[in-house]
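Look at the two complexes coming up: chain A is in both, with chain B in one and chain C in the other.
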Partner chain A sequence: MVEINLSFLLRLLADGLLIGFIYALMAMGLTLIFSVLRVVSFAHGEHYMIGGFAAYYLLETFTGLHPLVAILLAGSVTFAIGAVFERIFLRPLAEEKVERPGEYAILVTFGLGFFLQYLTLALIGPHPKKAARYFDLPAFELGPIKATAATLKLGTIPLSATRLTAAVIAVVLMLIMLYLIHHTWLGRGLRAVSQDKQAAAVVGINPLRMSTLAFGMGTMLAGMSGAALVPAFAWVPAVGAPAAVKSYVIIVLGGMGSIPGAMLGGLIIGVVEALGTGLLPDPNRAFAYRDAYGMLIFALVLLLRPRGLFGRQE
Partner chain B sequence: MKRVDWRWVLTGGALVLALSAPLLLSGYPYWLHVAIVAYFYAILASSWSLLAGYAGQFSFAHMAFMAIGAYGSGLMGKYWGTTPLTGIVLSTLLAGLVGLVIGVLCLRLKGAYLALFTIAFSEVLRLTLNAELDITGGPNGLDLAPLLNTTSRVPYYYLMLALLLASLGFMYWLAGSRFGLFFRSIREDEEAAAAMGVHIVRYKVAAFVITAMIAGLAGGVEAHYIGLITPNILILGQMSIVIAMAVIGGIESLIGAAIGAILIQFSLELLRELGNWRLVAFGLLLMLTLRFARNGLIYPLIERLVLYQARRAVIEGREQKAKQVGEGA
Partner chain C sequence: MHRKQLLALVAMAVFLMLLAACAQQAGTPQVVRETVVVTQEIEKVVTQVVEVTKEVERVVEVTPVAGRCAPTDPDEVDKILIGATGPLSAPGSVVGGLVMQWSLNIAVKHINEAGGVLGKPVDLIFYDTEGLPERGTAVAERLITQDCVVGIVGEYHSAVGLTMMEVAHKYRVPVVFAETWNDKITGSQYDEIFRIAPTSSMVAEADANYIQDLGAEFVVIVAENSDYGVPASEATKERLAQRGIDSEIFLAEIGTQDWSPIIARIQALDRTPDVVLTLVTGEASYNFEQQAAEAGLMPTEETVCIANQVAINSEEFWQNVPDGNYCVFRKVGLVPALANDVTRKFEAEYRQQFNRFPESYALEAYDSLLIMADAINRAGSLDPDAIIDALEETDMIGAQGRYYFPYGRKNPVPPDEPEWMWHQWPDPAVLFLQYFEKGQSADEAAVVWPEKYQTHGTFLIPYGTTP
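Up next is the complex of A and B:
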């Protein structure tokens, strides 16, 4: 009896870790936006949703398109939406021309989310779409490890191929982002603006351009997270809200603006959710409350340590 | 001859129109229903604008308080057998109590953190209502007993109208009193307000409690009128509609938000055949209003009218003075 429970728990843990990588990628986008613009985008879930639909429709329309190309294209779509939105609606914020900027930023990004969600609903309708599995696993058997096209079995723990693929994509994208941020001029510019806008401007970095780029890249990461995960879930226009709430939890937990915080926070949330689900006996209820665990953490962090694990003291 | 004060003419005209609407719409019960729902949203939008526009607390939990009022009354009726009236009174108090707790929890949170926390609270409440099938009926919703012993919509119409006018009157009184002044001082600069002796904690929490109770009361009455409440009322999209109403009407004006809500609710119904495109348009309008007309679209009209009256009063005063001086000479 105990043994069964243990393997069940391990299964949940593995699932939680895999999905945690995607959460981390999405939260990384949110934290990138926050560190440069000092804005929390309340439309993050909608970019995630649009990324998923973009990948789905690209693969439907152009049969034979490589899934990775579709993910990149979906990322470009949300990059474009984010950059154009930043240019029109957030530029006055960067130029410090807005009264009570915090309030404006909340409402205008919230408005974008509202607009994008209903636009998708009007264009696509409420019926769920589900993309086919991106990659089949090569079948092999190696001691306790056994793979079929759809699942990889580590002993008794099955890992779904779609989630595994999504996690691998997320890890690769996060590594690319870390490289961009720490080893290129673009990243140096972004970091400079996030630390001190005026000083960055003095040394020849255009803070306005960096804001547009940061917002675009942040929304691009959300879009790619959605594109990577679209085969794993039934995709509907409302799919973004729970995912967005998770990224908010993650960046608050990790510390607003901290990239390592976002990555670690993503994994923590993934695992806590999975374990929390395992602890409730009634499966229906457990599934419904899965999102509530993250929010419990959220409330605790906000009340006990508002700057999060790696946040800067403000 | 005394000049006509257009402010009172317009207010009076609107009141007469609102009071006689059941007569005018007697052949169109559906539009009377739309008006009731529009007043319901007007209460929500104006109380949200008191909390967000006046006190600067960008809470996204307003619909959650409304739902507490609705579900609270429904559940009390189902399990304790309370009458709808007792249920509404008790659940309004309950909404105030939850508002107190949320207000205290949010004391240290500002701006985006507050918004995030209240979104999370609202989502948890929605998930709970959905998950506890046996108690709340889950996604199928909860049936409520009718509040009034009638099949006619007219009494409900007057009830909701009275509720709207009473809450607007109360909120205007509040906004004009020291409370309103302190709310605005907290919004503009919390530290400065505290330094000037404003008891920040007390007024922030008070703003939450008062607006939560107004939302809860409206929710209770609306739910007993409709006879059914589902957790879907709590989706973020619903909150967005209330926010869009307040922003387009004028987030810093209670009456602007209320008129915005009524106009938007009616136009949503009039444009029904456009389906979701209506909401796409409102989302766009929300963003454009924020970007290019921070005071909303309706409030500036009201302000212009008030200014016009004030200017005329000044000119008139001067003319009279000149006349007196002329007569004296």
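Up next is the complex of A and C:
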């Protein structure tokens, strides 16, 4: 029998929040793409995967490279892939040259996803890779707080160093993104295009350039999420699929196109999954139903507030 | 006037003739035709129905091979086509599938170098099943009804094997499964189905025996929610209970990445497990083992870590589970010390590619094709019944040792033996090895069970010690 006490609940909460920050960062990229291009990218999981592999190989190849530099470079790689793809395949959509834009966007992003996944499989192979821990924690003991290289233990709550690092990176990146979006000319341009393309064009913002930038930034965020998590999970070409599915749920939950919605949605999904798995009485089923807990919240929000938590009224 | 009267008469005659003609076209003949046509059609339909009924009766008589396009006479073919399957895409175990495909290709090479089958070269058609049951059905149908294979070998996932065996049974095509453990596969007692992998029950028996030898009192079983994980965990739990050992099962979806909630739950149990047994395949097992190690669940002085058998890929294991020192892992199949000439021949080529002793699923894939080829040779025919008879009489040395199937059509499974012993190779070896140095290769790991193979004279090298 599981002993449910405050310590156990706090541990579930901490686990949920740590993974929730990563979900949020990934979903932030997806929602940024949607808000400007009105396209749901079905290749988002593959950009996350590419980001992880890029960081792994950069660190393997250039020993001594700082992990944060590797993460930034991995983000640049996925930004470039995203921007080039947008320029070639999504530009006709923005220029309204496509007859059935909805279907076109789904097919072309699906196609990119398949291409990237199977290209990676062909180039790298199926064997799982994992980067070494980015930062070893300094070993110390201070009352109930104890740290080893791999784990920080707050009382009875162990926090993995790799996951803690990834969550901190996610929070920092999200804060930088929020600053960019709300306090720079670039961010104002993106927001203007997301609200009204024609009006934005009238005041001198190039909507086409903003679309390329938004898609590139969205894929960059996915890539950096992957780069942050490659020391935490065994990395294979199909690693992006579960994370991408979570991102789709989160952006609908938070409101399509809403950046604060994506952040809150990520945290909600992370915490609900952790609590559901920890508290369902039948241990045989508790974890097997993990995805269902998030879906339950998702269904409730759609039922009570169909545009999501922070969605705009159309 | 006379001319005018004459013209008028001619015009009237023509008009009347036209009227008569029109009346004929629009009236009587139509009715007559319809009647005739309807009568004839009814007669024809009745005749055809009788003929179709006869055809159906004939089809029923030959149902087992309807749709199966492989010839039965070897003189009709230039090469012997054999089908093979394995997972080459997610969510299947891609690593396992690629290794199996590679091993099967080596088997083809070796068979053809030795003169082929019935004097003809063997050609292998390999399909990706992705670890998905529905893909298993689709590729088995395609192999049998379009590619015209005479037999099928390989496969890694039980869920796929369970659907493939139904198709093979329907078309009466012999199959030698290489690495599918679910009891029901040979438990179905289909004539066509043979297996050289251990069953989940056989492995569960070994797991329970080892855990009993460790002196454990409480075990946590972490299993994947699949046709492999669920029956395997239940079989282990049942056997542990028979030995007076308590256990609790935790199931997770295939491919799970984040295990933190389940680890939290295990650590919140009212008693610390003596053993945590991992029945999760592929990279998901690495994720669980590393996250459990980081959280301090296992391996520790109190809790023995039994990792999934993929831990035998030492390079991959240490990269993905850097904190997994002192984990025990199961090895199904031959130990290098027991290698025979066939093993060594295969191992030599395998090492060139992978630089390690072949895993059980590599040896099993290789052997599954050798067994099928041997049976076809002895049958002297491509007739499925003759091949099945020959498979039942198998007695040959493969890379894993001597193969034979003690129970089948001529010697049914006795009541005191489990049903899954039908067409089941009874001797797959199950050993437990343990890493005791970080970065150690699997060849250097200690054999801790069974006792007769122990390399360090102990069932467990205690956590934090050096033997």
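Following the convention adopted for this analysis, the second predicted complex is superposed on the first by the 282 of 314 C-alpha atoms of A that agree within 3 Å, B and C clash if a C-alpha of one lies under 4 Å from a C-alpha of the other, contacts with A are read in each partner's own complex, and residues count from 1 in each chain.
Throughout what follows, a contact is a pair of C-beta atoms (placed from the backbone, for glycine too) under 8 Å apart; a residue touches a chain by one contact, two chains touch by 3 or more.
Everything numeric here is computed off the predicted structure, so don't read it as measured data.
K.L.:
Between chain B and chain C, whom does A:A234 touch in the aligned arrangement: first, second, both, or neither?
P.N.:
second
K.L.:
Once chain A of both complexes is superposed, is A:T277 in touch with chain B (first), chain C (second), both, or neither?
P.N.:
Touch partner of A:T277: chain C, not chain B.
K.L.:
Tell me the contact category for A:P128 with respect to chain B and chain C: first, second, both or neither.
P.N.:
A:P128 sits against chain C, while chain B stays out of touch.
K.L.:
For A:L300, decide between first (touching chain B), second (touching chain C), both and neither.
P.N.:
A:L300 sits against neither chain B nor chain C.
K.L.:
Should A:F89 be classified as contacting the first partner (chain B), the second (chain C), both, or neither?
P.N.:
A:F89 contacts chain B only, not chain C.
K.L.:
Scan A:P242 for contacts with chain B and chain C and give back first, second, both or neither.
P.N.:
both
K.L.:
Please work out whether A:T151 is in contact with chain B alone, chain C alone, both, or neither, and reply first, second, both or neither.
P.N.:
In the superposition, A:T151 touches chain C alone.
K.L.:
With the two complexes superposed on chain A, say which partner A:A288 touches: chain B (first), chain C (second), both, or neither.
P.N.:
In the superposition, A:A288 touches chain B and chain C alike.
K.L.:
Which residues form the common part of the chain A surface touched by chain B and by chain C?
P.N.:
Of chain A, residues 121, 238, 241-242, 284-285, 288, 291 contact chain B in one complex and chain C in the other.
K.L.:
Along chain A, where are the residues that touch chain C in the complex?
P.N.:
Where chain A meets chain C, its residues are 1-4, 8, 11-12, 15-16, 18-19, 121, 125-130, 132-133, 150-151, 153, 158, 160-163, 233-234, 236-239, 241-243, 273-274, 277-278, 283-288, 290-291.
K.L.:
Spell out the residues on chain A that touch chain B in their complex, using ranges where they run on.
P.N.:
Within the complex, chain A contacts chain B at residues 39-40, 42, 88-89, 92, 99-100, 102-108, 110-119, 121-122, 238, 241-242, 245, 248-249, 252, 284-285, 288-289, 291-292, 295, 298-299, 302-303, 306.
K.L.:
Which residues of chain C touch chain A once you look at their complex with the stated criterion?
P.N.:
Those in contact with chain A are residues 89-91, 94-95, 97-98, 225, 248-253, 255-258, 260-262, 264-265, 268-270, 282-284, 286-287, 290-291, 293-296, 313, 316, 319-320, 322-323.
K.L.:
Name, in rising order, each residue of chain B that touches chain A in their complex.
P.N.:
52, 56, 58, 105, 108-113, 115-117, 119-121, 123-124, 127-128, 130-133, 187, 235-237, 240, 243-244, 247, 275-277, 279-280, 282-284, 286-287, 290-291, 294
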